[in-house]
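Attaching a single structure in structure tokens format; questions to follow.
Chains here go by letter, A, B, C and D, matching the order in which they are written, and residues are numbered from 1 within each.
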Amino acid sequence: MTEKTETAPGWLAPEELESMRERLPILYVDAVPVRLDDTGIVTHVGLLLRIGSDGTVSRALVSGRVLHNERVRDALLRHLEKDLGPVALPHIPASPQPFTVAEYFPTPGVTPYHDARQHAVSLAYIVPVAGDCRPRQDALDLVWFTPEEAASPMVQQEMTGGQGVLLKQALAHVGRLY
Amino acid sequence: MTEKTETAPGWLAPEELESMRERLPILYVDAVPVRLDDTGIVTHVGLLLRIGSDGTVSRALVSGRVLHNERVRDALLRHLEKDLGPVALPHIPASPQPFTVAEYFPTPGVTPYHDARQHAVSLAYIVPVAGDCRPRQDALDLVWFTPEEAASPMVQQEMTGGQGVLLKQALAHVGRLY
Amino acid sequence: MTEKTETAPGWLAPEELESMRERLPILYVDAVPVRLDDTGIVTHVGLLLRIGSDGTVSRALVSGRVLHNERVRDALLRHLEKDLGPVALPHIPASPQPFTVAEYFPTPGVTPYHDARQHAVSLAYIVPVAGDCRPRQDALDLVWFTPEEAASPMVQQEMTGGQGVLLKQALAHVGRLY
Amino acid sequence: MTEKTETAPGWLAPEELESMRERLPILYVDAVPVRLDDTGIVTHVGLLLRIGSDGTVSRALVSGRVLHNERVRDALLRHLEKDLGPVALPHIPASPQPFTVAEYFPTPGVTPYHDARQHAVSLAYIVPVAGDCRPRQDALDLVWFTPEEAASPMVQQEMTGGQGVLLKQALAHVGRLY
């Protein structure tokens, strides 16, 4: 999960956030952008292409922090707009129930999810996207994969921190993991 | 749940269906049509206004049988189009997981759901509807209620067979039952 | 899904059931028996070892039909007791919401699930089992696998009709598919 | 949600926690303790009787903070043991998926949940309890209510911060809200 520039009211100076990350679990959202056909079948999954500070290429879900006094659904919408652009038309779920909760620990192996910087607890949602996606900021590109491709070793090994596992859980939840 | 005229391949003559209803649980779907705001909050719930064979007025969810060799999501789409018209633009859920399962028994009191004609087991889904609704067939009208109105005694008493309870479960699932 | 001898009130003569199977979707339940540690983590998954009429060995979930006028939770309990014995102490879920719905079609490829005999729609539940399991009837044995073993190609290829896919969905739902 | 004395590794001095509460959403768990019959039907819901610092009596769910480097399921178990005693035998759910997410805001009205001290985001779980409950610490007593009693105005008005709404959502999820 790459941290992004934050300017909303709940914004924290980097050193403040750093100090809190050692003391409290940090609340995140993960969104799996999907394309649906008319009957609701997931035909494609969207993954962000990112280049890390060390030059490594990785694929990532839309992901980010929930700010102080921000609703979870507003955080979802904010991160989706930031990563997919203003005309992606994401369909934020009606129910606040996530399909799973991903617990990213600084120590690898406690759960399948790992974040060296912090203990993050992420509410994970599947979000149908109806419009045009124009990635912005640090995301280089958004690529749509079929469910089969998304679960393939090639794509899985380009995902980090356990997001490949989270993606497979999303595919299982929509009946598209074989 | 009012039975509707069926002409799809899985169609059964009335006397055939009648005989099977005494022997097997019949698979149904219930759909709760909703309007969402940009953040996914349910602002309105759509209820069909029906007039029964005895002249009584009732409010109903979109509901109907799953046919032989028909996928659940195709049954959902078929019943929504039949009741809301061809330009309702329902968003069929990506996940086959229903928010609950309503078991309608011919004997009242076994569950909160009752159907004098049969033992029906219904998979219940919340379905956002984005387009214009033009009720057809035996539905007189579709009326949009706020969540508060939908849970009120006035609307609840106009719903039959336990569908008022099912509606309250749907509102609870989307965080809109108070 | 192997059909088992039925003697409950909703029992049907084989020829009656046969005729209905060509006309209506048949309602089933699938149960994934699991062992949990004190914190609710799934440590093992129980699979039945069955020998088909043609002598082939296969692994199966606990699975069976819901009878007329039988509640889904009573059908779950009945099939678990029939397959795991009287002292298995299954913890039937409090919520009727299945983790998924598996649609077994007579035509392969419509969904990942296939049943040559019928169109069966199965509500799938994860059921913690606390007692001793003593398989009866046509089940030869119950074997407990770790989540890693259960998702392995060796076990997956011994499962038929798409139940291997359903098992992986169950593992994903409890956060144990990697 | 009453804060309880914390001595685990993730413990924070009160002034540290106070300062973070103004900057970040704080992660909580809410547990609804239930008694089940053999078929999984919820027969009773357990509510804690608390006396606030101002002498007012209130009913509460089991609730508390998730500590740094603590898994959600360990936090659930810790708070249940703290509030219900060491032999309550809670069945922590196999799936990390909460039945809902309750967002407690310091400003009333943003959501149905309110916490004057902080912005808390709580993962809510239904937890079957099989053993004897012996409330400890600041909880005076644990009282078991039928689902009908739990949803009644008398009990609802004794719950604060929106936990009455959360309790009704739990009852709806298990099919016991009428």
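Assume a contact is a pair of C-beta atoms (placed from the backbone, for glycine too) under 8 Å apart; a residue touches a chain by one contact, two chains touch by 3 or more.
Which chain is which protein? Per UniProt: A, B, C, D = ADP-ribose pyrophosphatase YjhB (NUDIX family).
Worth saying up front: this structure is predicted, and the values here are computed from it rather than measured.
Of all residue numbers used where chain C meets chain D, over half belong to both copies. The two sides are thus made of the same residues. In this structure, the chain pairs B-C and A-B differ in their number of contacting C-beta pairs, and the larger number is found at B-C. Averaged C-alpha coordinates give centres for chain B and chain C that are 28 Å from one another. Centre-to-centre spacing of chain A and chain B amounts to 34 Å, using the average Cα coordinate of each chain.
In chain D, the positions touching at least two other chains are 71, 95-97, 99-100, 111, 173, 175. Across the interface of their complex, chain D is touched by residues 34, 36, 38-42, 71, 73-74, 76-77, 91-97, 99, 126, 128, 173-175 of chain C.
For chain A in complex with chain D, the residues that touch the partner chain are 10, 12, 16, 20, 22-27, 66-72, 95-101, 103, 105-107, 110-111, 119, 121, 123. Of all residues in chain D, those touching chain B in their complex are 100, 111-112, 165, 168-169, 172-173, 175, 177-178.
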